[in-house]
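Two complexes are shown next, each including chain A; its partner changes from chain B in the first to chain C in the second.
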Partner chain A sequence: MTKPLQRPKRKDPLKKTRIPLLPQGTRSRTALGLTSAAAEGRFQLQVCSDCGTVVYPPRDACPRCLSARLPFKDVANGGTLLAETTIRTSTDVYFRERMPWRIGTVQLDAGPSIVAHLHGDLREGERARLQLKIDKSGQAIAMALPAEDTPNMADDPQWRELTCDPKFRRVLITDGRTAVGQALAEAVSEAGASVVFVGVADPWKPFPGEERLRKIERVEIVALDLTDTISVNECAGEFAARVDILINTAEYVRTGGIIDRKGLTVAREELEMRYFGLTRLAQAFGPVLRARGADGVNSAAAFVNLLSVYALANWPAYGAFSATEAACLSAAQSLRAELRQGGVKVVNAFFGPLETEWYQAVPPPKVAPSALARAVVRALQQGLEDVFVGDIAEDIRARLAVDPKALERELGS
Partner chain B sequence: MSTRQPYDGIVIAAPVTIPYRRYSTNTAHWWVGRAVSEVVQRAGLRSTDVDGLSLSSFTVGPDTAIGLTQHLGLSPRWLDHVPLGGASGVVALRRAARAVQCGDAEFVVCVAGDTNQVDSFRRMLSTFSRFAQDAVYPYGSGGPNASFALIARNYMKRYGATREDFGKICVAQRANALSFPHALMKKPLTLDEYMSARAISDPIHLFDCVMPCAGAEAFLVCREDVAKGQGLPAARLLATIERHNAFPDDPIQYRGGWAMDVPELYAMGGVTTDDVDFVQTYDDYPVICMMQMEDLGFCAKGEGPDFVRSHTLTADGSFPHNTSGGQLSVGQAGAAGGFLGLVEAVRQVTGSALGAAVPDADIGLVSGFGMVTYDRGLASGAALLAGGRA
Partner chain C sequence: MAAPDLLAFAGAVAAGDIEVVDLTHTLTPEFPTIVMPPELGQCAPFRMEEVSRYDERGSAWYWNNISMGEHTGTHFDAPVHWISGKDLANNSVDTIPAANFIAPAAVIDISRQSAANADYELTVADVTAWEAQHGRIPPRSWVLLRTDWSKKSGRDYVNMREDGQHTPGPCPEVVRFLVEERDLHGLGTETIGTDAGQAFHFNPPYPAHYYMHGKGRYGLQCLTNLDLLPPSGSVIVAAPLKIRRGSGSPLRVLALVPRGERRA
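The block that comes next holds the complex of A and B.
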């Protein structure tokens, strides 16, 4: 039985903040296929296209038939824990300060034996579920869980090391005027966040949904204008050291392609809010997040970007908007590498058209703000890096994987 | 029946150990150089006589055997690099034996040497193999202790081995080590001390682990008549086996490659287990010793625990085992750990034991095991040696 996590006490300001250390993140290029799967929460291993053998550790030739055709595919994740050990001495500084640490050999029903991290509720000889997770170094590792969920299982220390669970963490939602921002405030509060800071530009100006937002438990409205560097810096000065998860909910949605926009005014506003807003947040909050990646139960854990799925492939009906989202995605990739040094994850949630006024003329299916909020919370709880929310987002993801050029033509027709 | 050519007239001479040190400021090249020098002196040769060289080392990088030829000023016409860790000794020997037998070389020096600097062990672990980097080191970085803990745990569960059984092996080896001049661990060990030692990676405790150190081991392979001409006491090579990545479908390791080939070993040597006077197993962990007692045919699979319980394992015991103290008491000098048992066996059968001598030792069995690149030891090998009487 997992011991339920205790709400962390207020930190002694004289106490040294533990420097975030990382486990070894070097992997062979082939092994990065596991990281791709882990980023989206899939359990994929190499499966030989010629003989069907499931292969682990990742290889460049099939150990059964020597085939070189070894794509990563979804594989059943059930297995049995054959043997376990509790490591009490490690040569690695990251693990040294986290001892004791349990690992074990899981024989997958699909074939290979996998050495995996063990959830505290899993015992030798028992059935297990394997998951691929992203560790603090940003690379995939396998973790074995009990076959059935157990009480408080998300509080297991080895599991929590791999996730960004909002429970007992302090969350900043950067724009509370949006429907998505409000839905997220509710969702992270329900998920057990200890404080939910919600940024609002010019808070004295009333806005739809304000009353309901203020009633959500543990919500604290703070002044934050993402288009204003001074405002972002002031907010960070006051709150950055108390923000463990930052969720950027800024949005700026206008229709039209590049030619149709006529002039740069709208494009500039779009970039101010989205690209430069993201840059301001990253510069103001990033250094503090990165320094607090190993700061106990409520260590800094994640920087969340909400991105239109058209960041991945331009939708000319919203062509300029798509270009701005693509700029934000590119920035998020850089941010991911920069925050990884502190063991902080960058989570990108890609969504299709939302059920909001700015997508009025777009036919369904559309994503309800509450559905996007739930998906983000789940991504944090599961420690995912990339999530695709809604049918359109998943469809674009699938079509992109098959043929990017075909998708470009389809979106442009 | 073996169809392999016998090793007629091939001997092993000049067993050399360069005394181990816990840490060394010297390079691997220094240790290898000392060992080669001592073999040459002991055999009454000049270094220009050495026309074959076989090198095993983890820490000689970026060099390999070829770099060492220039470093040591040798001009061999036969050269080998055997990066097989605990199996290096047996593998180097069997290759060198064929080279000498076929006339490709006359004097082959087989040498294994490694240095040990503070932190060099950690750096080696993280880059030991691609599988270690991708699929082992990121999992707690417990090194071989954690990998063998899983193997030991499974073996204990499957065959009823207990920590006391493993302790008996370790305690006997320490008793052997007390009279071996080169052993780093010289304090007597009791079963109580073994049992109450701190846990490293359950069920592996402190005295199940070898101590990484610096050192070198070496020997000379040549023809019997040549050794006689030099006045060198020498051990004859009766038989060898070698196998890699045996039983890849076993979900967790409970047997090694010996189990595939051991009938051939005895057939080629013309002896049975009853003729064997002592055994040097590869003792990175006592569970692996027990596995070898089974796989080398001294008892059936699963009977290792009973076999250990029913024998005394000291040099003067009913099953003389790891008579110099093994790596568990002498120390593990990298690849030299794969030579330790072989060098000791040569001494025992030639009546020149440095420590406890096995009474009337004539036929010895040496086993090698090594290279855990993912979850199991991949390399295994064994050799039968004989002294003057067999």
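The block that comes next holds the complex of A and C.
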């Protein structure tokens, strides 16, 4: 049974913060198929289109029939742990400071056997679930878990190395004025965050849900205006060293396409809040997050972006809004590469219209703020990079994979 | 008539015989701006981006880029700001005669009434009571409404409730009286607008804006330190930025007060 994680002691100010090191992160282009599956929490391996063989490790030709048609497909992840070993010493600087480390060979029911990281509750000869996870270098690795959940299993140190669990971490919700911000404050508090800092801009302006927000356990309201560089810098100056997970809940939703909006006032506000807000947060909090990626149990773990799924394909009814979201997505991709140096994940949660006032005229299905919050917490607990929340987001994702042009045309009708 | 002795004037300022009282709030990002319903256009708050600070972006110099609305912080309203003043001559900040940026002030104290009632409306009776004590308001005077509202901050300053803002201001009749009977130069307030917080529900809505700007008169908002001014005898220097066709601008507002007349 996994030993339950203890709340980390306050840091000894005389101790040096360890530089975040990364495991080996080079993969072949073909092997990146595993990384894309891991980013979304899918278990996919190459399956030969001609003979049906499930292939691992990733190859450019089927080892059975030499076919080059080897697409990644969802595969059953059940198997048996054939053999295990505990590594006690290594010349690799990343693993060296994390020893001992258990690995083993899992015989998959689907065919291949895979060398995987082992969860502490899994023993040789037992049935196992194999998962693809993104490690600190941003690449896929395989991790074998017990077939059934075990008590405190999320507290396993090898598992926690791959996830961004809010438990005992300190979270910053950047905008507590929104329904999503409030739902997230509640969700991360319930998930065991040790502090939930919640940013509030324009404190002179009352907002719905304020009283309830203040009553959520471990919530601390902080002054933070994402449209104001000075405010973001001051907040980071005071709190950045105590933020392990940053969740940007900034929201700016207005209807209308590029022509329909008169002038740039609204577009500017939108960019100030969303694109420049993200940039300000990245510049102010990013360097500290990146430096604290290996800072013990409550190391810096994640920078979360909430993005409209229309960042991926423009919805002209909310056309200018979609364009801003696309800018944020592009920035998030850069940020992901920049934060990876510190082993900090960038999590992008894509969602369709929300059950909020600014989507009043949009028919259901819509995503409830609480559902989005739950999905984000799950993504953190699972160490995912990309999540699609709700029917619309999943639908857009699927249609985009099939035919981006057809999707563009349909969204524009 | 002999030419006025400006050297003597400058000397009096330097010697403190004429005291200069700053009626301006510092421009900061946090200072509240007027709030419109969220689907309408909004006035931008003050923002500042560092260009360089003796660093790799400019090694020996410090400077910032700033942005804001024309009606952010302590600011001036030109007649063109309101629909009633849109067709007047010289109605924008760049065309207002420069001499109009200097004018005497009558300071009417309604701080006691405002403390008791956030929606207090200045009446004609308040003005005539003031005149009974201090004499008739001279033509082309600023009327400055002392409410001590500038001493409040944050939520208390804006005083936004579910039915809107609650801050003191003039009733429709008194604005018309001041403009038509007293040839008012303009109205200055400590609150975010020259009108009361609830003035949307007056007839006409926003009477200070409507009547004053309709007659080509001016407004000053978000003033501070009005409690330091004598009821009469001070002179206001308030020159907005020269923005082409500008409807207003943040500015520095100074009051010149004879020595000994400054309160507190």
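In this section, the second predicted complex is superposed on the first by the 412 of 413 C-alpha atoms of A that agree within 3 Å, B and C clash if a C-alpha of one lies under 4 Å from a C-alpha of the other, contacts with A are read in each partner's own complex, and residues count from 1 in each chain.
The rule we apply is simple: a contact is a pair of C-beta atoms (placed from the backbone, for glycine too) under 8 Å apart; a residue touches a chain by one contact, two chains touch by 3 or more.
In this text the structure is predicted, and so the values were computed from the model without any measurement.
Novice: So if we stack both complexes on chain A, do chain B and chain C clash, or do they fit?
Specialist: Because the two structures are overlaid on the shared chain, the partners are seen to fit without clashing.
Novice: So in the superposed three-chain picture, is A:Gln382 touching just chain B, just chain C, both, or none of them (first/second/both/neither)?
Specialist: In the superposed model, A:Gln382 contacts neither chain B nor chain C.
Novice: Which partner does A:Ser370 contact after superposing on A: first (chain B), second (chain C), both, neither?
Specialist: Touch status of A:Ser370: no partner.
Novice: In the overlay, answer first, second, both or neither for which of chain B and chain C A:Asp202 touches.
Specialist: Touch status of A:Asp202: second partner only.
Novice: Chain B or chain C: which reaches more residues on chain A?
Specialist: B
Novice: With both complexes superposed on chain A, which partner does A:Thr356 reach: first (chain B), second (chain C), both or neither?
Specialist: In the superposed model, A:Thr356 contacts neither chain B nor chain C.
Novice: Which holds for A:Thr17: it touches chain B only (first), chain C only (second), both, or neither?
Specialist: The answer is neither, since A:Thr17 touches no partner chain.
Novice: Which partner does A:Gln341 contact after superposing on A: first (chain B), second (chain C), both, neither?
Specialist: Touch partners of A:Gln341: none, neither chain B nor chain C.
Novice: Using only CA atoms and the superposition described at the top, report the least gap between chain B and chain C in Å.
Specialist: Value for chain B versus chain C, nearest C-alpha atoms: 38 Å.
Novice: Going by the contact definition given at the top, which residues of chain A touch chain B in one complex and chain C in the other?
Specialist: none
Novice: Considering the complex alone, what residue numbers of chain A touch chain C?
Specialist: Against chain C, the touching part of chain A is residues 202-206, 225, 227-231, 263, 265-266, 268-269.
Novice: Spell out the part of chain B that touches chain A in their complex, as residue ranges.
Specialist: Those residues of chain B that touch chain A are 121-122, 125-126, 130-131, 133-143, 145-147, 149-151, 153-154, 157, 198-204, 248, 251-252, 374-375.
Novice: In the complex of these two chains, what residues of chain C are touching chain A?
Specialist: 29-30, 32, 35, 41-42, 44-45, 47-50, 154-155, 157-158, 160-161
Novice: In their shared complex, at which residues does chain A touch chain B?
Specialist: By the definition above, chain A touches chain B via 23-28, 31, 56-58, 63, 82-92, 94-95, 101-105, 107, 113-117, 124, 135, 137, 139, 141.
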